[in-house]
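Heads up, there are several structures right after this.
One chain, chain A, appears in both complexes that follow, with chain B as partner in the first and chain C in the second.
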Partner chain A sequence: MTLRLELRAAPEVPVEADCITPDRLRQLPIAEIERLPVFYGNRQVPLAEVFTVSGAPGETIQLRGDMSRVKHIGATMSCGQIHIDGHAGAHLGAEMLGGTIVVSGNAGDWVGPEMRGGRIVIRGSAGHLAGSAYRGAAVGMTGGEIIIHGAARNEAGHGMRGGLIAIGGSCGDFAGVNMLAGTVTIFGAAGIRTGAGMKRGTIIAMQPLEVLPTFAYACEYRPSFLPLYLLHLRRLGLPVTDGQLSASYRRWCGDAVELNRGEILSPSI
Partner chain B sequence: MQIGSTHIEDTFAEAFAMWGTRVVVTAAGPEWAQAAAQSMTGFATSVIGCKCEAGIERALAAQETPDGRPGASILLFAMDKAALGKRLVERIGQCVMTCPTTACFAGLDSGHDTSIGGKLRYFGDGYQMSKKIGDRRYWRIPVMDGEFLVQDRFGMQPAVGGGNLILCGTDAGTAVAAAQAAVAAIRALPDVALPFPGGVVRSGSKVGSRYKGLPASTNDAFCPTLRSVAGATGLRPEVNCALEIVIDGLSEHAVRCAMAAGMQAAARPGLAAISAGNYGGNLGQYQIRLHSLLNGGAVP
Partner chain C sequence: MSENLRVVENATCTFCGCVCDDMILTVDDTQKRIVKAKNACVLGRAWFAEHTIEEAPAALMEGKPATIDAAVAEAARILVEARFPIAYGLSDTTCEAQRQAVAIMDMVRGNIDTTTSVCHGPSGIAFQGVGESTMTLGEVKNRADLVIYWGGNPAESHPRHFGRYAVTAKGMFTPNGKKDRTVVVIDVRRTPSVPAANIFVQLKPGKDFELLWALRVRVKGRPIHADIEEITGVPPATIEDLVQRMKGCRYGVLFFGMGLTMTRGRHFNSGALLALATDLNEFTHFVAKPVRGHGNVTGADNVMSWQTGYPFGVNFSRGYPRFNPGEFTTVDTLARGDADAAMIIASDPASNFPREATAHLRRIPVISLDPKATLTSGLARVAFRTATYGINTGGTVYRMDDVPITMRKAFDSPFPDDESILKAIREKVRELLLARTPHGARSAFELPLTA
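Entry: the complex of A and B
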């Protein structure tokens, strides 16, 4: 059973719609869903003023329209699926616990901040701070997967303590900054200061990158865990080549200004 | 009953409840995967003396393994869950982690599991790292050729040990050839392992001994040299050599299928009879009658 929400018109101001989760909507009648409050700018309005509601409430929610200004879709969701035909706004899947969100277009800043489980798939590109800690918090995502087929901007995986972020395209600066654990895989070019301040965790950079001087080169080898990740990502549609599966990888350990137990892996050329 | 000229004795194999698991070992090449598998399944013929029983189930192609490398599937059995966990830690630690380029994965999903990688990780002396994909955690233990990757938890399930066939030949050559054919047929089947050397045991045993402290001793009823001196013989007059095939499986069905396939493959001129080992039905939880396996009757 699929519940369909279609934007009546592209909003002129940000809309906050954290009620759009299968957890909240799956057992409500349509009339009650239409009455749920969302914020249109600073004005609270019923959801039906922003979306037309159709279909049958269940485990799946389908959203149509340019949601670039619709924030907090899928926040704290724990089950079910959300499909967004178009772009998604900021804070998509914030603090998510489980389930799946798929966005056919781009997503704004703060994709899956502090998420703990589930999977977010962005077919396009994502903004800043995917999988990150909120400002003032030390710990970002602790579990789950954020799969970005396009590019991501700065600070992807900031404070990350578990889970997987995969970026099919290029990545901005400070990927994995202050990372505590988890894995960030970047298939395109990485920006500067990748892994700055990381204590533990793994950053896999498929393109040559400028490694901070506080990371020390260790060796060139074939990490036996890497094929598991790469085959998993290939199944999810990311551009994993046979060469990346069989390559040797160079390993740098860091960040020496912190615990020095993190690593950056990059295929040797 | 007969299969061709081979008589099938009206008796049963007495099998026991055990706990079993499947381990998948991968390596950079099939030769290293086999080396680790052979090492891990070495000295694992009988729980009586080895604390566990194990065998290589089959070689795995690269596309069948979690990391896309060639591998081997191993079945390991012990009398209870705790013992099985201990044997896994010992054998993966000593036989797989030590072997160049290997990684080790659980090959069984079940409601019962135990921490293996989570115990072996301490070999990393604080430098070990964990990785989690979905619900599965893996441990990366730094070793001298890079890293040993081992899954955190391994599934285990109730299993059946001690299914068996005793092949009674008029001469040793025929008995050995029949045993080899039976082993080849059984090894083509899933979920079973043959723990003895080449899948065959010549020193079948009975429970107890005239010597104190020995839990088992030679199966005199099937020793042709003792036909005239032992109390009762299980051998027909024309039999001069008997060989046993012991089968452990992840289910009674798997053991029955293996026994049925083994009987069909072994039967031939010169193999006078196929019998089975039992203890009068007093010890084992499973009685697998040979006649029930004939004519497509493997499924209980």
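Entry: the complex of A and C
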């Protein structure tokens, strides 16, 4: 049971389609789905004006087209699956509770902000603020998984309080800034000021990184939880090497300006 | 020189965020210009001296002279037909005009943003995230015994900041002016502000955050685990000295400039400084304040916050205000190509925005309101020439410390002010929207409610 939505043409202004969630669409007849309102810029238009609708409503929604201007897809969803064949716009899976979103291309800024559960997989790269708190909020993502195979930009996991973010490529500055708990794993090069202001939580940086002067080097050890996490990420297709599984890790704790209970782990080479 | 001279006392200079309100202007009413500006600084003197009334049409459409009514009608049509109209600028006009602009964008469900987003916008984000320990400049004058300038050069950008408020000014508890104060300048280079300081701390470019973080951790009495001199270029002894002075002063101030907000790290740099001020309040009274540039950019923040709840980067496309810098800030809405019409008020983004953003500005219909011909008014479909605020119009402006100041005009201009043009556009927009609202719909933007 797959519902197929295909973008008619690349929109000229941003479209906000927060009605596209399996929760909302799975029990509606096609005719009613076509009439659901989406915002095309500042105008409400029926969904059918932006997308062609086909297939059968069910647990899975298949979207096709360059949706880099379509925002809020899968926002607050709690079940089912969304497959995006193309790029996705900003606020993908915002505040989502459960279910799965898979994007074959790139995603915009704010992937899974303040998400509570579920999984978002981006095969390409993501923009700024993946899994972050919205401006003015102290708490970002509290559960679920964001798996980015490509690169991520600044402030991934800003204010994160739970869950897992894995970035296959490089990431920008301030990854895990103001983190309260949770795990951020970065396989590529990390930008500067990783973990600034973190209270608790774990940041695993596979490449050598610049650690802030307020982080204290603690020790070198083999954390027992790490192979479990890494094997899980390998099953999800991230580039985990055997060396990373067996390596011992250097641990820094910080941030001393805050609670000082966070940790940055990096394999010793 | 003409005989027709007149003196205007207690006039206001709106060139920079100091908004000095003690100007004594000598106006030549025949030549329509200001011949003398007593009390003004070098920037203020130039601001008043260079102001002339040029011979030009009050409105242009597609570069051709038009009546104001026709131009207002065309501007309203552009805004009502757009699906993602943006308004930008606003920092060099009165609060009364800013208020009209917010009303228009609320009605057309547009996006409104001010020049704050390209100067102290990151501080706006930081205020929301960290909080602000604030004051007025009068307090600084009367009480501050430790004044720190971080990433700013007021000697050149705000020449009267030292004399009127923060360095040599004599106040209730600082009767000897500079002798009662310690002045610190922290910057990446030796600026003309440095001679005014007792202590100059030179740090490596782009290491503000690291130095602020090191200061914070030392203020909390915890150790620094790295070679801080290697990282920031500032020796540990200097950091210790600063920490002792900050903890030991009676009233400390951190003034910060765009050296902090517009370098890598942006809102986290401002946030680190605000957090340092907050931390220091455990030991003494400490405040922090951005040194704002444009005459009424602080007013723009205040009017926007008062009317929408947010200081800049506000979007109304869903019918209610939403704040999201990065999504609704003007450089982003233009560079991504989201906007399909723009109204630029008292600003010239075409001359200072990144290339992708100005390229998009050339593709969409633009409405401009400006006292002078600019690159932006040159590419605008509808360009209004308006009276200069503070010289040809009265109204309200906010000083950089959020103190409102009422202006008096020096002489009349043949051009209308921003407020009256925007009011006319607002009225026209209201008419057009009423005519467009379908039967049974709540507004011109929503689908009719079907049973």
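Criterion: the second predicted complex is superposed on the first by the 269 of 269 C-alpha atoms of A that agree within 3 Å, B and C clash if a C-alpha of one lies under 4 Å from a C-alpha of the other, contacts with A are read in each partner's own complex, and residues count from 1 in each chain.
Just so it is clear, contacts are C-beta pairs under 8 Å (C-beta built on N, C-alpha and C of every residue); 3 or more make two chains touch, one makes a residue touch a chain.
Values in this document were obtained by computation on a predicted structure and should not be read as measured data.
Student: Quick one: on chain A, after the overlay, do chain B and chain C clash, or do they fit? Just give me the call.
Tutor: fit
Student: Would you check which partner chain A:29 touches, where first means chain B only, second means chain C only, and both and neither mean what they say?
Tutor: It touches nothing on chain B or chain C.
Student: With the two complexes superposed on chain A, say which partner A:13 touches: chain B (first), chain C (second), both, or neither.
Tutor: In the superposition, A:13 contacts chain C only.
Student: Which holds for A:245: it touches chain B only (first), chain C only (second), both, or neither?
Tutor: Touch partner of A:245: chain B, not chain C.
Student: Output check: A:257 vs chain B and chain C. Expected answer is one of first, second, both, neither. What do you get?
Tutor: In the superposition, A:257 touches chain C alone.
Student: Report the partner of chain A that touches more of its residues: chain B or chain C.
Tutor: Tallying touched residues of chain A, the top partner is C.
Student: Could you look at A:216 and tell me whether it touches chain B, chain C, both or neither (first, second, both, neither)?
Tutor: The answer is second: A:216 touches chain C but not chain B.
Student: For the superposed model, what is the least distance in angstrom between any CA atom of chain B and any CA atom of chain C?
Tutor: For chain B and chain C in the superposition, the minimum C-alpha gap reads 19 Å.
Student: Which residues of chain C touch chain A in their complex?
Tutor: 82-85, 108-110, 125, 128-129, 209-210, 213-214, 216-217, 220, 222-226, 228, 231, 264-265, 268, 275, 316-318, 323-327, 338-340, 445-447
Student: Looking at the complex, which residues from chain A come into contact with chain C?
Tutor: Counting only chain A, the residues touching chain C are 12-14, 16, 37, 39-46, 69, 90, 109-110, 128-129, 134-136, 138, 173-174, 177, 192-193, 196, 211-217, 255-257, 260.
Student: Please give the residue numbers of chain B that touch chain A in the complex, ascending.
Tutor: That would be residues 28, 66-69, 101, 103, 129, 131-134, 138, 140, 145-149 of chain B.
Student: Which chain A residues qualify as touching chain B in the complex?
Tutor: Those in contact with chain B are residues 143, 162-164, 183, 200, 202, 219, 221-225, 227-229, 231-232, 245, 261, 263.
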